[in-house]
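Note that the chains are named A, B, C, D, E and F in the order they appear, and that numbering of residues resets to 1 at the start of each chain.
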Amino acid sequence: MASFRRIPKEQLEALKEVSTATVAGLLPRMGIRSCFMTGLFPLRPDLKMAGQARTVRYTPAREDLNAGAPEDRYLRPQWQVIEAIEPGDVLVMDGRGELGGGVIGDILATRVKYRGGAGIVVDGGVRDTVTVKTLDIPTYLRGMQGAPGPVTLTDVDWDVPVGCAGTTVVPGDVILGDGDGVVVIPLALFDQVLKEGVHHERLEVYIRSKIEAGSSTKGVYPPTKAITEEFDRQAH
Amino acid sequence: MASFRRIPKEQLEALKEVSTATVAGLLPRMGIRSCFMTGLFPLRPDLKMAGQARTVRYTPAREDLNAGAPEDRYLRPQWQVIEAIEPGDVLVMDGRGELGGGVIGDILATRVKYRGGAGIVVDGGVRDTVTVKTLDIPTYLRGMQGAPGPVTLTDVDWDVPVGCAGTTVVPGDVILGDGDGVVVIPLALFDQVLKEGVHHERLEVYIRSKIEAGSSTKGVYPPTKAITEEFDRQAH
Amino acid sequence: MASFRRIPKEQLEALKEVSTATVAGLLPRMGIRSCFMTGLFPLRPDLKMAGQARTVRYTPAREDLNAGAPEDRYLRPQWQVIEAIEPGDVLVMDGRGELGGGVIGDILATRVKYRGGAGIVVDGGVRDTVTVKTLDIPTYLRGMQGAPGPVTLTDVDWDVPVGCAGTTVVPGDVILGDGDGVVVIPLALFDQVLKEGVHHERLEVYIRSKIEAGSSTKGVYPPTKAITEEFDRQAH
Amino acid sequence: MASFRRIPKEQLEALKEVSTATVAGLLPRMGIRSCFMTGLFPLRPDLKMAGQARTVRYTPAREDLNAGAPEDRYLRPQWQVIEAIEPGDVLVMDGRGELGGGVIGDILATRVKYRGGAGIVVDGGVRDTVTVKTLDIPTYLRGMQGAPGPVTLTDVDWDVPVGCAGTTVVPGDVILGDGDGVVVIPLALFDQVLKEGVHHERLEVYIRSKIEAGSSTKGVYPPTKAITEEFDRQAH
Amino acid sequence: MASFRRIPKEQLEALKEVSTATVAGLLPRMGIRSCFMTGLFPLRPDLKMAGQARTVRYTPAREDLNAGAPEDRYLRPQWQVIEAIEPGDVLVMDGRGELGGGVIGDILATRVKYRGGAGIVVDGGVRDTVTVKTLDIPTYLRGMQGAPGPVTLTDVDWDVPVGCAGTTVVPGDVILGDGDGVVVIPLALFDQVLKEGVHHERLEVYIRSKIEAGSSTKGVYPPTKAITEEFDRQAH
Amino acid sequence: MASFRRIPKEQLEALKEVSTATVAGLLPRMGIRSCFMTGLFPLRPDLKMAGQARTVRYTPAREDLNAGAPEDRYLRPQWQVIEAIEPGDVLVMDGRGELGGGVIGDILATRVKYRGGAGIVVDGGVRDTVTVKTLDIPTYLRGMQGAPGPVTLTDVDWDVPVGCAGTTVVPGDVILGDGDGVVVIPLALFDQVLKEGVHHERLEVYIRSKIEAGSSTKGVYPPTKAITEEFDRQAH
């Protein structure tokens, strides 16, 4: 069972004001370089996603480990994690970037949705994307694949740190998604990211309006001390 | 000339009820592992495609083999196969996954459509996708490429077994496509796939409705004997 | 400062009648093989783009070279080229095909637009694509990436020849884009490409109408001397 | 602590008569397809390796997880597994196939050797290969890399199932290496593989001698029932 | 059966004086750009290879096509081509660059050698390289792989044009190999390549001796008309 | 002309005591992460290399830019840089990691050697490696390729910052190579790297001798303050 600190729902909602690009710009300054997942795309770019990570990990298919009757499938890590999803969780599936097997499809995605899952992130293949697209749950994937996961993968672990699209995701990390993609916020940095993120997001809107009005980027963007103070003044 | 057994048109239509993911889930159980093409995307995800494969094969460009006047082009394999397309055929082009040359564009796609082709599958580049998208013929590709095929490829054979996006396609194989992608059904397995596919597709719809209603996946999905029998009873 | 020959605006507009595929079919016959960018996709496939290249070049991130206060950022090549954009210029960013850092986002794209830029082409990552998509400036990219460029790249030069998605772009080259992608026209070949391109584009429309009406490809496509003469006659 | 069944030392020695190719030919017939590591090469092709797997797992570098004084480094998974190596163990490092950081170098390899390690297998980079080559411990790697692991990787787990060069390795699995590369034998299949492997190896030597003497492959190779019985008779 | 024009043995021997780099420098000037195989390495860099191509072609594994008893294996394309090798032939195996299955090992290589084969070229995996290295037959490969071919590949054709490591090989083409790699000479160009190749090879030796003696490259290399005439004079 | 600060020859010699791995371990602590070239291998692992970078940059082949008589070739960037090599320079060729064209071969390498070049580093293909190997000049490459550079590349610049195998090389940077590969030392950091490098190299030798004698890694490696002080004491 995942035992990480739970972020209050309102704070996850508040984070949705902040774009993934803004967060991915802040985290390197806090010492975290690789936080934006590379090579994933949103099935529903119109939805924003914010939640805490629940993870499942795959290795290359090993037929002896994949064996077992459908009746016993619920004991496997992939089933365990899905039936342990709590409201606000984002399911993060480390499918090794492998596209030969689809680790989740419409039925399991429906279950994640029903349990209150905030989103699904797959570094690998997703099945039944036509239907998944209709489920109103934010879903990010590397590719479409009709074949089931066990053709090329074996699920071996859940609720452990995983690699995902060039980032590391620890259970409980905050996962933010928008039309650009997905960014991972280490749980211990969440409060700082939320606070600075909202400020920075609004500052960027302010700067863009100046650029739209004809300002040069010089002295304006990337945000200088002067422009930040100017923004802070007018924001009050 | 392709001399494979022709599947009746109604059966190809019937197959369209089945999703590519369902077929790609069945075939491994019949001993065929790699049947779903990896890395292709649909130009028209709204169209379903079912037909039998006609193939053309490319190798890396060899200028001596590519030489010849436009007047004699119709003797080349690519032209031969297109002018041999019969109603219900799917043109499968093994462009080696190479994206430097587009092996088909709007004019040839129009010709395939006119001849009654059921679809076009390209493991490689397609030209003029903006226009091809308007032709109402299902088309799957690895990427867009404006340059013509001979810049990087030479067509060397047609109506032979080809590799395509991680699968092998034999002329006559049934090719099924939907918004997820494309699956290859070996001709000898078609009857079994059609029968089991339709049953399995409906079973999955039944299961999804249970999951939507709040059922756990345990004992329900992947389909157990019990749930399958329950579905079979209510289906009669 | 870029000192290439400026193509009159009307000629760039006239070029927009020609598809990238048509140009990419002509250039190999003029001796230029690799002219169509491979692996980029349009953020706005509905917009056509024609302009002259202004370039910026990146190398892998070197922290000592990336150092410096935001106040001095405007001295860097990326800032220099953006503030030097003139109406009709296309900004071509050689991000090495690297997807770990986004070299441009909504604010800089807004500035390019304001300065009259005709488009943006990035062999790499773009940030804030959700917003960039609303800017009505044609933008081509390899992938979406929220993280800023310096996480993985360093801008080292501007207005020099660059590699971009498998092509070479020299400042001043004409860059044409449509829903298929982007093609590079060496400046010295522009006049010939424009003239032959418009003719060839119309010839292809003529041929497609024949194919739509049931003509075989034999003797018709690729365009033979006979069909070209037939078209030329009816065009007058 | 690893708690798998220990294979007696003589049996591991006996296995060394069998080539990795022979084992990789047998395992698919026992239902295990992906057992030969793809893309690794031996630093010392002259040495044979047989032992049981001890594993360590990496994810992409996360600076907050990599932090800590050198004094506390011994608490990390990579240190734990190295100091837990027992005679006959093969250290298997799942470096994700990533070549930007070297997860082991001459000093740690020396320690593995001192503790009786039977070999080192790295799906990733190795440092100090010039020195490691002199240590007389079989070492397999994907590439040479001077930079230390934490530049691109974080060690997160040890003695868990890992992916390695296209295979899955469970702690305790038997790892066999020779000049061709490395094969993974699931522990439960070891006895069968040893028995059949030795027989098959000798059969292949017998067949090769016939081929060298001018026999056709027809009826001889791959081994038919007849040739196998002929071999079995002469072997007694 | 292969029915191409046979090059006399002495001419193939004569070709061995010419390096693959020299041939790969000449062929583009004769209109053939991609003639040097990319990504292969020699198992025996000390041996030179010259012969005519016999080809076999693979597609991704299809279990229904791979089925069949070992007794009937000799009917498959791979067996057919090996038992059809004639003295001076080079076996060219188009393994799709795939490294998951080894398409030839020590026993089949021994058979190729016995039949007088001049070499083996594999765009894919080779098994038993430790033994193959001892056979004194030039062998080029993409990688080592212990698993047998059918794990990932199906042989579907022989003595047809194939793609191989970025080149196209037509049966009968002359295949030249040395420590650098392998170059394909279209059969129709052989006489010209042999003649110009020997001349160019000697010219380069002459030029290198001048450079070693301190000459600048200016006016000397690449060979100018003046230096070529100087060489031709002294060569007589 | 390159106008960087010249490092005295003795200091470059002194640096050769330090391994590339040691330097690649130090530089991240000085803020430079990507300093070790990834994916290159030494043609002569027995030679050490230390010198200052002279660079040449390539873009994808553009036939109009590659045109010109051999007589005028000496005006091209590649010829310029080679004829500008001074004793102690390392020629760094940014061949884009592209393997389709070999940017240097035995004759140009001979010229680099004659002019006193300390080594050659190629992120791309090298021709005539069999001969280059005999020249006693350290050479690092990504692959062997017989075809000449212009088949796939165009040289566009020299003595500018270049990307090379995942690193950035600025003219004048110190390039160190050994059997493991190549590391780039920013010129401004050379003095510090030399001093700390020699110390660290010797410390590692000291530690390895302790590990060989049976010491645990705990408290010893990575070097703690205590072990470093112990080493410093015994070193005096």
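By our rule, contacts are C-beta pairs under 8 Å (C-beta built on N, C-alpha and C of every residue); 3 or more make two chains touch, one makes a residue touch a chain.
Quick caveat: nothing in here was measured; it's all calculated off a predicted structure.
K.L.:
List every chain that touches both chain B and chain E.
P.N.:
none
K.L.:
Taking each chain's centre as the mean of its CA atoms, which one is farthest from the centre of chain D?
P.N.:
The chain farthest from chain D, judged by C-alpha centres, is C.
K.L.:
Which chain has its C-alpha centroid farthest away from the centroid of chain B?
P.N.:
Of all the other chains, the one whose centre lies farthest from chain B is F.
K.L.:
Where the CA atoms of chain D average out and where those of chain F average out, how many Å apart are those spots?
P.N.:
Each chain's C-alpha centroid was found; their separation is 32 Å.
K.L.:
Round to the nearest whole Å and give the separation of the Cα centres of chain C and chain E.
P.N.:
Here the centre of chain E sits 39 Å away from the centre of chain C.
K.L.:
Mind pulling the residue numbers of chain F that touch at least two other chains?
P.N.:
Each of 33-34, 166 in chain F touches at least two other chains.
K.L.:
With chains as vertices joined when they touch, what's the shape: line, ring, star, complete or other?
P.N.:
other
K.L.:
What are the touching chain pairs in this one?
P.N.:
Every pair of chains in contact is listed here: A-B, A-C, A-D, B-C, B-E, C-F, D-E, D-F, E-F.
K.L.:
Mind pulling up the chain E residues that touch chain D in the complex?
P.N.:
Its residues touching chain D are 70-71, 73-74, 79, 82-83, 99-100, 102, 105-108, 110-111, 114, 127-131, 143-148, 151.
K.L.:
Taking the complex as given, what residues does chain A use to touch chain D?
P.N.:
Residue positions touching the partner: 31-34, 58-65, 96, 154, 156-157, 160-163, 166-168, 170, 186, 188-189.
K.L.:
What residues of chain B sit close enough to touch chain A in their complex?
P.N.:
19-25, 28, 33-36, 38-39, 41, 45, 166, 178-181, 183, 204, 207-208, 211-212, 214, 216-219, 221-225
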